[in-house]
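Following: one structure in structure tokens, then a few remarks.
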Amino acid sequence: MREPIELHLSEVPQLRNPIMVVGLPDSGRVAKIVLDHLIKTLKATKIGYLYSDYLPPRLLMTQEGQVDMMKHEIFYWVNQDASQDLLLYTGDAQPILPEGAFRLSEAVIDLAQKFGVTLVVTVGAFITGKIAEKPSVYGAASEAALVEELKKLNVKIIDSGAVTWMNGLIPGLAKVRRLQGVFLSGETSGFMVDPRAAMIILRVLTKKLGLDLDLSELEKQAKDVEVALKKAAAGEKLGGEQAGKSEYIG
Amino acid sequence: MREPIELHLSEVPQLRNPIMVVGLPDSGRVAKIVLDHLIKTLKATKIGYLYSDYLPPRLLMTQEGQVDMMKHEIFYWVNQDASQDLLLYTGDAQPILPEGAFRLSEAVIDLAQKFGVTLVVTVGAFITGKIAEKPSVYGAASEAALVEELKKLNVKIIDSGAVTWMNGLIPGLAKVRRLQGVFLSGETSGFMVDPRAAMIILRVLTKKLGLDLDLSELEKQAKDVEVALKKAAAGEKLGGEQAGKSEYIG
Amino acid sequence: MREPIELHLSEVPQLRNPIMVVGLPDSGRVAKIVLDHLIKTLKATKIGYLYSDYLPPRLLMTQEGQVDMMKHEIFYWVNQDASQDLLLYTGDAQPILPEGAFRLSEAVIDLAQKFGVTLVVTVGAFITGKIAEKPSVYGAASEAALVEELKKLNVKIIDSGAVTWMNGLIPGLAKVRRLQGVFLSGETSGFMVDPRAAMIILRVLTKKLGLDLDLSELEKQAKDVEVALKKAAAGEKLGGEQAGKSEYIG
Amino acid sequence: MREPIELHLSEVPQLRNPIMVVGLPDSGRVAKIVLDHLIKTLKATKIGYLYSDYLPPRLLMTQEGQVDMMKHEIFYWVNQDASQDLLLYTGDAQPILPEGAFRLSEAVIDLAQKFGVTLVVTVGAFITGKIAEKPSVYGAASEAALVEELKKLNVKIIDSGAVTWMNGLIPGLAKVRRLQGVFLSGETSGFMVDPRAAMIILRVLTKKLGLDLDLSELEKQAKDVEVALKKAAAGEKLGGEQAGKSEYIG
């Protein structure tokens, strides 16, 4: 019988003081946009992937009509300007059952330890149910010093509530395993795919990591969404992007 | 403790370049009709079955008042006209939990490999929520060459969305295990048992497999459904087939 | 770690050609009434019980304020008039998940085999959603000869549909393990606890088993229900039995 | 792979005839208030905690913006006035699936046996759906003598229904393992956090355990709730405590 988590690593590069950034699909696809943008803009190198029975039993269709199993992917990036490299982790879907959330989160922490990571950052959405004029980044961390650092980066501290599924479990398990963990979330209404929430997280993240990242593409997308929303508020129709699409069940 | 999948094979015939066609119950019973029709018309030979704790915990009633556990069944067919035989797989139900979908799909791929299958085709429904004048066959495949082949057979390529459960997992797992996988689905409203959707899949399938299959029975059933639908649209009652039937829970 | 099924048998008596009758809680408590009545009227001897993690995670309150875990119980009865003894199986609840339904049903078949049982009968409810003037017993069986026997006992044969959970799985697993299996169900509306449905099953069962069982108590209860229903139909209130009871969650 | 229950005990003190009191989150947070109050007022000593994959996959936020995994905690208290010490068990959440409820309840009974506990008391809510003028304590126990003792403490005996999840399973498993088990529940509407229900349980518990516990803080909270309810009944608004809070999903 195949293992419920099947990890494939093509190489285990020596990373220098690596920080791991993890983002899995969530409301508004905020976490996914953050990771996809990091991977694309930094031209990060793919070193592995995992298939898992804990992911949804669905076949993905790629744009060319080719199929693929749902998977998680691992990338790294060597920082030329400082001796702090990045390990990046994202995927097509969150696990569907709690057991899967725990097991895959542990697999992520195992990876972090394998690569000598000392700080794991997960990103996500902070849902408010309303569209904010000026959205904020909210965060929490595994220890007081990190909380202070977040405050200095203008991150509002989350002091109640609970972060669910892998984006929540990973910083918690990091703490249990004596790693540092940070959770950063971008304020979003929860009503739509929200590049603006991803953008404000990336601004904090790049400051924290000392990176110089091109955010212009996201800024443009965020502006487009804002314009569309204002038009919608002014009574115009929002889109029709979905028109003519057929719902599909195999 | 009994294994969660209990496979019984009465023989393992030597098949020549076999292609495996898999169809499990789905919306409109499209996949089941395709497989039942193939098995009946080709007079395929049953070589095995499996019971599984992953199938629904229900007792089936046959027409003579005899009972049976839910099961999946395996058939083969020796092609007299060409050196390409068929392995056929269908069953009474899909598994009820994701773990079962993964495990049974792996069991199918194991079978494919045991029989030297190189191409696995799953069939299913493409649900649109409306009744099409001229329904199409939609498909996807594990590699570009197969996608091209599908296009030549007038199959529309699915370029987004996800196929769920076993009909989706099997082509995905096939790809992971270096087999070829194809998914073919017949457009259907999802409102009724749809022999027409099964028929158009079979037309593509027979062309792809170079088979000469009698589809007249299905064509008649498809026509009957069409007539019934037109009458229904014209204001007449659709059936009453269910009248007098009692709902049953043991 | 404790086993998910914990069976305790205080003795393994030598039974003569035993038949096993199984009834677990279902709609209208029909199966439970049948078994409770058999156990009480025959003065059957308790020989064992099982606890299981597959049963609901609830604490039962007995009438004296004492607590008990949910359990299944096993009884036997030595027939003084004929050389065919009985093994009886009932319990407080059905398992809550499919895996539990399969595992506990197998435990029942294991018990049957341990005691040399050749025929397993499960009983249950046949729900119609309306109150029948003259309710019937419906049945199915693992082989044609048994179906014929049921017909002679005026049992209507079920020729479609599915019996769910343990009452359905047990005759199916019996067949797979080469035992005989019969399912008997009493027609009931599904709206209320229905002693009448239990009574008509017992009439068939006693005829089949050649037993002389006192059914007067059940007949009285059945009549009471009928009277109450007629009054209700005539516009009077049905009960208020639940008045003043508090819903309880610990 | 990490164990699904990860217990950490920093010491195993010798306790004298210890009684174990267990309370996990339930309706009205009654059980949690009881345990938190006992731990705080007795200044009980923390000796351990457990993490578990059976608890909800969520990250907790503490007041200072620091994160923590959901956990259960174990405390003890040495009684200076009598030779009967206490073992206390509470936690952030109940398990989410039945298997977890069984496994964690067994872990609690294992702990009880490790410390030589002979009586395990669980506490909880007795939900009535209405606000009682004079709420009562309801109880049940593993044996008749304990039921009698409860009656003398003015506990109303629960003689039907079922207590669910860990608060119910623990006294049941205690009985199966030949320990004594008691369940005590405070009457509550189920509409709000109810310190009054916790207070009346503590009054019974302290009498049963011969403790002299300061309940003034709870009494004040209970009075505050009562006043608020009376005002609410008189037409005033109940609170707005939640105003301005954002719903959060990571």
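Observations, loosely collected:
Note that the chains take the letters A, B, C and D in the order they are written out, and that residue 1 is the start of every chain.
Heads up, the rule we're going with is that contacts are C-beta pairs under 8 Å (C-beta built on N, C-alpha and C of every residue); 3 or more make two chains touch, one makes a residue touch a chain.
Predicted, not measured: the structure shown is a model, and the values here were computed from it.
Chains that touch both subunit B and subunit C: there are none. Interface note: subunit A and subunit B, two copies of one sequence, contact each other through mostly non-matching residue numbers (shared numbers fall below half of all numbers used). Remark: subunit B and subunit D have CA centroids separated by 53 Å (rounded to whole angstrom). A straight line joining the Cα centres of subunit A and subunit D is 37 Å long.
If touching chains are joined by edges, the resulting network of the protein chains shown is one closed cycle, each chain touching exactly two neighbours.
Of all possible chain pairings, those that touch are A-B, A-D, B-C, C-D.
Across the complex, subunit D meets subunit A through its residues 1-2, 51, 53, 56-69, 96-97, 245-250. For subunit B in complex with subunit A, the touching residues are 26-27, 98-99, 101-103, 105-106, 122, 124-129, 139-144, 147, 150, 157-169, 171-173, 175-176, 181, 183, 185, 190.
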